[in-house]
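Next, two complexes with chain A in common: one pairs it with chain B, the other with chain C.
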Partner chain A sequence: MATTTASLSISSSDLLPGSSLNINASSTLMKTGLTTGMELMEMGNAEIAKDYEGQLFADGPATDDGAYFIYICNNSTDDTYYIEYRLHETAIGRLYAGDWMFVPYNASDGDAEVEVKALTGINKIEYAMFKTAWTLPAAES
Partner chain B sequence: MATINASISVSSDILSYPVRINKTMTMKKAGSCHGLDETTGLRTKKFGAVTTAAVIVEHDELTDDKAHKVYIRNASSDKAGFFYVAYNASAAAADTAETIGKLYGGDWMLMPYDGNVNITVASNGATEQTLEYMVFADGIVAAAG
Partner chain C sequence: MATTLTPTLTLNDSTTFSSTINFSVTDTLSVEAPAQGLTKVTITTADNQELVDDAVSGVFYFYAKNHDSSNFVILQTTASQQYARLSPGEFCFFPINDGNGLEARADTASIELEYAYWKKA
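For the complex of A and B:
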């Protein structure tokens, strides 16, 4: 069984007047069913130019309502560059240059692919998905 | 202007070579070099051992189309319990296209959020669970008097 650990630290000394903020969290990523750690993953990088809109992860190979985690980072350096993180054409949030995100994904209903759309610039992104299961397409005869 | 830093560290032995992700970001306003300087505060909420759906982030408190960040953690230790988290106008979160995913006991997430639609959760009802969450805001809309 593989072991994948994801840790987070958020800190600020001046967001809250009179007190510092320190949030720390850590989790071992488990498969759906929760008895074993995730054993599948994929990772990569891409350049996404303005007006591009497409799938980063299809949901067809994923198990519906499964346990997955997605990491995306926009490694661009121009503060005006950003991509949208989308689920089935619904924009959730903007990932600006230097931003990263780490979210669960459950391929909720067979129609919930993970998409990205670039609104400005040429965005250099890196990404990874940690998976419970992944079904490869059948070979064509 | 405030400075808020968020760091992620992922380590794994899934592959035949070690997987390491280490990244730090300073949370900034949309299209700007200036840091986020507002928050709705760190909150915790207990959900009983029944299925409960609720709005945890109301979008009308936040400026639309901005670079907000949302942190959510299932603070429970029991891996049998989970929350659905959704980007949804209503509280239901289980099987819509806007369901983001499931946070089991101990799991956390940090995501960008445009502030256009509510963020909702639905507990699975198997056990009492505690949710911890915080919005780092790129603009808070003051409530009308």
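For the complex of A and C:
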């Protein structure tokens, strides 16, 4: 059985006076439902230059309301560099140099493509999507 | 005063592919007030419940975990653009854009959501 485990820890020694913060969470990535692990993964890295705006993951072949997980990390080292992470032209958040995100993704309809836009510099990003299902393009006749 | 937050993500899989997946990424974030400490709330199906106020300016780092055993919860901007569906036991960590806010709505039945957020300094 496919068993992909995602674990998160968030810690801080100075956020709370007299007490350190330690959050730990872990889950096994499952397809829609709670019993079948994920077996499809798309990953890669890219350089995204200032003013570039485009799709990182297209929404077309995805299964509506299926379970997907997205990981994106901005590996840039210049702290003035950042990208915007967008869902169908809605800016969700900014990933500055060194920042990463991990979030379930709901391909809820035909307008849920994942986009990135670089606001400054040439950003080096790495990304992965764990997928419930994927439809291969139709063969050329 | 800015303080430091260190989030670390680890992905591990030794059973699915011929090659083992095992990687870890960490970050050092500088955060400041306002912040929401670790909190558990009951999210109902009745309405969208705003957890991050879109009227409060700033970029927020948001963490959430669905503690329910069978039902999922929808996370979305206050303009109803979905961030994600958190299935039972799942978690997320991501930055929220300035002015987007975040609200939650249970889909099938009430769920218990653990969450926290911190403002980027």
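The rule we apply is simple: the second predicted complex is superposed on the first by the 141 of 141 C-alpha atoms of A that agree within 3 Å, B and C clash if a C-alpha of one lies under 4 Å from a C-alpha of the other, contacts with A are read in each partner's own complex, and residues count from 1 in each chain.
As a working rule, a contact is a pair of C-beta atoms (placed from the backbone, for glycine too) under 8 Å apart; a residue touches a chain by one contact, two chains touch by 3 or more.
This structure is a prediction, so every number in the text was calculated from the model and none was measured.
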item	value
Fit or clash - chain C, chain B, common chain A	clash
Which of chain B and chain C A:S27 touches, first, second, both or neither	both
Which superposed partner A:Y71 touches (first chain B, second chain C, both, neither)	both
First, second, both or neither for A:D79, with chain B first and chain C second	first
First (chain B), second (chain C), both or neither touched by A:M101	both
Chain B versus chain C as contact partner of A:A133, first or second or both or neither	neither
Overlap of chain C and chain B interfaces on chain A (superposed complexes)	2-16, 21, 23, 25, 27-28, 30, 34, 38-39, 41, 65, 67, 71, 73, 84-85, 87-88, 90-95, 98-106, 108, 112, 128
Chain B to chain A touching residues, read off their complex	2-15, 19, 21, 23, 25-28, 30-33, 36-37, 39, 42, 65-71, 73, 79-80, 84-85, 87, 94-104, 106-114, 116, 134, 136
Residue ranges of chain A touching chain B (in the complex, touch as defined)	2-16, 21, 23, 25-30, 34, 38-41, 43, 65, 67-69, 71, 73, 79-80, 82, 84-85, 87-88, 90-96, 98-106, 108-109, 111-112, 128, 130
Contact set on chain A toward chain C in their complex	1-16, 21, 23, 25, 27-28, 30, 32, 34, 37-39, 41, 65, 67, 71, 73, 84-85, 87-88, 90-95, 98-106, 108, 112, 128
Chain C residues within the chain A interface of the complex	3-17, 21, 25, 27-29, 31, 35, 37-38, 59, 63, 65, 70, 74, 77, 79, 81-97, 100, 116, 118
